[in-house]
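Here the structure comes first, spelled out in structure tokens, and everything after it is commentary.
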Amino acid sequence: MDILTVHLFNALLYASVLFLIAGGLSLIYGVMRIVNLAHGNLFAIGAFTTASAVGVWFAGSSSAWLFLLVPIGAVAAAAIGAVVEPTLLRRFYRRPEEYQLLVTFGLLMLLEDLLRFLWGPYPISASVLFEKVGSLHVGEFIYPRYNLLVIATGVLAALFLWAFVYRTKFGVVLRATSQDMRRASALGVNVNLVYVEAFTIGCFMAGLGGAIIAPSQPAVLGMGVDALVLSFIVVVIGGLGSLEGALVGAFIVGVIREIGISLFPEMELAVLYVIAAGVLFVRPAGLFGRTA
Amino acid sequence: MNLLETRALTKYFGDTHAVDRVDFTIGEGEVVALIGSNGAGKTTLVNLISGLVPPDSGRILLRDADVTHQRVHRRIEAGIARSFQIVNLFDELTLLDNVALSVFAREKMTRYFWTLADRHAAVWEEAHAILGQFGLGEKASTLAGGIAQGERKLLDVAVAYALRPRLLFLDEPTSGVSTREKAPIMDVISAIVRSQKITAVVIEHDMDIIFKYSDRIVVMHQGAILASGSPEEIRRNETVKDAVFGPSHA
Amino acid sequence: MSNRPTRRDFLSQLGVTTAAMAVGSVAGAGLAGIAQAQEKPKGTIPDKPFKIGHMTFFTGAGAVLGEPMYKGNVLAAEEINAQGGLLGKRKIEILKADEAAGTDANTKEMRRLKLSEHIDMFMGITSSGNTPALGPVAEELKLLTIFIDGCTDFLFDKAVPNPRYIFRITNIQSADGSTCAVGVAQTWPNIKTYANIHPDYAYGRNCFDHFGIVTKKLLPNAKSVSEAWPKLFSTDFTPHITKTLAAKPELLVTSLWGGDYVAFYKQALQYGLFDKMKVATTLALGSAPQSIGKDHPEGVLTGVHANYYFTYPAGNRWPLNKTFVEKYKARWNEYPNFQAEGAYTATYALKTALEKANKLTGGWPDDDAIISQLEGMMIAGPGGYVYIRPDNHQGYKDAITGFSKNVPEYPFPILDPNRIITIPIRNITAPPGWPKGEPTSTYTWIEQTWPQMKA
Amino acid sequence: MTSAPAAPETRSPLRIVLWAAAIAVVLAVLPWVLDPYQSILIAYGLVMAIAVLGFNLLLGYSGLLSFGHSAYFGVGAYAVAFMVKYLRVESMELFILGAVAASALVTALFGYVCVRYTRIFFSILTLALSQVLWSLAFKFFWVTGGTDGLRVPTPKLLGVGMAEGDDKIRFLTHGYYYYVLAVFIACVAVMWVVVHSPFGKALQAIRDNETRARFVGLRVRAYRFVAFLLSGVFTGIAGALWVPLNGLTTPDILYWPFSGEIVFMAVLGGFRNFTGPIVGAVVFNYLKTYAIGFTVYWQALLGITLMVLVLVLPTGIVGTARLLWARARRRTS
């Protein structure tokens, strides 16, 4: 039974990171009705920033200080979001979706090379934190404590987001804007401000996903593109624009991946995609989806 | 025999009884005006009959055949066509294309992907002729997005008319145009409808137009039919005056 | 070998040796060295640069393994250029191309290099997914090519069964899985269960197959109890590690390499994987040596692609290696890996071939003359003698593997100098003339000719 | 579209045929003039042009942005590779037939789901479904060769193989080039007819105004489905032609950024023109090849190009050229 616990932890670990990425994607879509194809790159930026802050720039500092540095990746991603939304994306809200997708696809290519330009071609890791916190015993197995921290971060982020959206004044404004931008605007909501805030939060989440895994996995080029496909699978299962959907979708994907690798090693990820396709055929809008 | 008959046709939007157990009939060759204040259910009734929205209950019979649950293209085959209150055109196609498309569709030729559209001379001739009937012949090769509102209203009707319907719904064919233009537009439409003996239902607000062009007037109020009769009868009906024009109205 | 020999007998028959021994001397007509004095070339030699297109991983997780290849090529080219160039006249010019662009892009790039940049020769390639794609293209382009790695058996078994323009310098891939299996059989002969984690592409499959067949012969009691096939260039091995732990094997066999292996062992450490089982790898120390940290456990059977490790042969026994490592360290401030050695040797093989061909015909030799010199060449490289078999254009040198050990002299683990295992390559690869087999010729050769040990 | 509707195409058929013939002649002469490398690049460009032409039946004429066309391209390519591997087929004509059948099958399946939606949902659905194929090609190693891909040898063209000892490069730049050119011309002609057929008009009508299209009696989904099918099959044919040119097929061509490139090509040329996708495909091929040769940051270069295009020249090369041409003519007359 201990091994099942370990498997469950693994699934939750994967789900936590995926929720952070896909949740951000879905939040942005929910409020602004745009799908940001460069979203995965913000995840990568989070990972690279944290990896080099912890593993290179401040390497050798006290571990408490290094732990405080972890969220720096999320901040970096959020900062990029805060710049990109008003300067670039804002021009596209009134234009057809194809242009929105295209401009974010261009952004994806640009950011991918920006990573290479800033951090060079090699993987960067910040494994010192991963090693520092050590492992704990789960029956006869041992499990890295750091992974539990990642899971905790994912759960906390979900709770935080829920409280934020459903329990704060800004959340009300956010939901109002999401449902009817014009009416919200007529009621005196500064829609531009809401948009930049929502986009920044979405990017922050993606960046946090990258930042939090940087100590346990190296940051590599191309991780953003891969992450985007997976978060698409999550939102496709859960339903685009729904935070609950992202949460459930991430959990489903985490569990399926763990099962897939254990039971069908030859198929692995393909299991995931085939199940996603199944959901699409039965419920194309996703489990929690709303279409138009 | 009635051309069209609805039986207890009902549609709710939330708590609003948009159309509430309406029995509406129209005879072959009639031109009926559908009037009522905003929100009376006129457009919803047309939407239900034309198939844009499904009814909650009730039936729609076209020459005694039940079309209640038929898809839009089946109703069009059966001869029901409509125009739109807010102009609905193919803005990036020319006027000629807009009309020709209806002809192609009517002749079930739109599935031909292996012949050039230009080769079907008969279709283009007919489309030209229709544009001519509506006085739009000179603008045949202009894009529909680039003509004046009055012309757009006419084109909208022309697109519907090109389907050669037996029953044509005209949803406020003169809304959004200046008072001065209304009569000429209605003259064109009326001439065509009368000459082709098309059964037509016109939703309209302008009383002068209604009294001038319709055989019969049906008054709707809060989702139900309040009265039905000749223009003269309706003019004299006090209930109608109160409900439709408001008590203060002259 | 029909009556079942004991394992120990058979291993000694294979010529498996542990601990450092002198490199066997091989006498032969084709013997050439990299440090020969240069004679004056015959005839007129043009002085336009000799362009080599060099493709390897310059970016991504593959770069720690692949980039040293470029560095070895550059080092040799600089040495040759310092003496005036090839045949004293033609300076070597190297054009870089990034293998990480993907297999499709790589074939396009090879065409571009030849048809648009007009390279004289092509070198490089790390991934064994790429040589079967590029080999036929090189043949189509009539482009003289020495692949440094990308050592899949499939290249000369199937993709290009009768090579003309392409050669390959590092050991054939089946030697990797076989060497690893021989190392396991010799070190841990009582293993009953083993698990696999291999990258999901040609190399991983090949290692899995050959480790399996050799182990079946040598350790008939050993069973594979778990398989995991992570995508190449993955960063998260958590579920694969968990799966392996759940199967409770006595041994884990893995052919992860480069950045993948680094990420893997760091994660595996936190799961205590190395405490629960023996670990045998095919390519762990094949990457640039400094990429593996001192936190790497000791005593792991750490493969080096069955090729070369910079501490062996030790300097006092084989000066060529000593000077190569010194020069490489001076030039790049790091230690070479097997690919650096392969590229360095390949460049000198080219130089040698040119000089011999020139001696025969005078002037600048055409490709055919170079090819006929390369075929059957025996060249002494830093890692020992390399023989280029004329029938399949494949380089052969003794296979080696060893065990990780931390020593004070280096900031990274090295192969334990006292426990290095070497195997003469001819004993673990199909001989010339052996029919092409499935999945590889060597596989069917082992399956059909090796004796079955008693359980 | 934000721009005001431009005047419709009103050139006479004869002039169009003359122009097309002139361009075809130029393309036919190129291999004799250009060095082999350039000819191969043009061949790649023509192949991609077929794919983008197909893609644009959806984007330009039906108003549906597919971000999953890599799937149909890949299906065409893998269909050929499977025919080589399992059926030992060598004939290029059979390859194309096989690719048509396979891509029609897959497109029908995907189309069934996708045409129920429009706009962003359509894009996301096409992308997600295409990635199912990518994962299958990627993981089913023993069938697809995994990331190693499958090799495709020189095919027989019209029953004629490459002569023993013949140069493959010569084969590619002459025999195969003309084969590609012929298929390209056929595809362009077919697509020309499709978009100018009553069916093509119906698609454009649906694109402009779905509601009204329903009320002239068009079964919108059925039309979208057929357009999807045709579009996918065209892209599948391109995939089939691409494999012998490339020599092998790998999952890279099924991965979603390749779909992004197809979209890029259409936008680069201008998706509101018939010729836009063709120009876009050929130019993109050059752009990418030379960007890669020019800088390691070629992706950034392409990304910026795309963003500038979308911001400044949303009508693409052909649209912009037409605009400038019209302006110049107005000034002179």
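Observations on the structure shown:
Chains: A, B, C and D, in written order; residue numbering restarts at 1 for each.
Simple rule for what comes next: a contact is a pair of C-beta atoms (placed from the backbone, for glycine too) under 8 Å apart; a residue touches a chain by one contact, two chains touch by 3 or more.
Computed from a prediction, not measured in an experiment: that's the story for all the values here.
Think of each touching pair as a link: the shortest run of links from chain A to chain C has 1 of them.
Chains that touch both chain C and chain D are the following: A.
Farthest from chain B in terms of Cα centroid separation is C. For the pair chain A and chain B, the distance between C-alpha centroids works out to 51 Å.
Remark: chain B and chain C have CA centroids separated by 80 Å (rounded to whole angstrom). A separation of 43 Å divides the Cα centre of chain B from that of chain D.
Per-chain CA centroids place chain A at a distance of 33 Å from chain D.
Annotation for chain D: residues 1, 138-139, 141, 296 touch two or more other chains.
Multi-chain contact residues, meaning those touching two or more other chains, occur in chain C at positions 200, 229, 231. Those residues of chain A in touch with two or more other chains are numbered 116, 266, 268-269. With chains as nodes and touching pairs as edges, the resulting graph is of another kind, matching none of line, ring, star or complete.
Here the chains touching each other pair up as A-C, A-D, B-D, C-D.
Per the touch definition, chain A reaches chain C in the complex via residues 3, 6-7, 10, 13-14, 116, 121-123, 125, 127, 130-131, 134-135, 141-144, 146-147, 213, 216-218, 220-223, 257-258, 261-262, 265-266, 268-269.
Interface residues of chain C, counted against chain A in their complex, comprise 58-61, 63-64, 100, 200, 226-231, 233, 235-236, 238-240, 242-243, 245-246, 259, 262-263, 266-267, 269-272, 295. By the touch rule above, chain D contacts chain A in their complex via residues 1-2, 59, 65, 67, 113, 116-117, 119-121, 123-125, 127-129, 131-132, 134-136, 138-141, 256-257, 260, 263-264, 267, 296-300, 302-307, 310-311, 314. Contacts from chain C toward chain D in the complex involve residues 98, 101-105, 107-109, 111-112, 115-116, 128-129, 132-133, 136-137, 139-142, 159, 200-202, 205, 229, 231-232. For chain B in complex with chain D, the touching residues are 50, 52, 71-73, 76-77, 81-82, 84, 88-94, 97-98, 100-102, 104-106, 109-118, 120, 123, 141, 143, 145-146, 159-160, 162-163.
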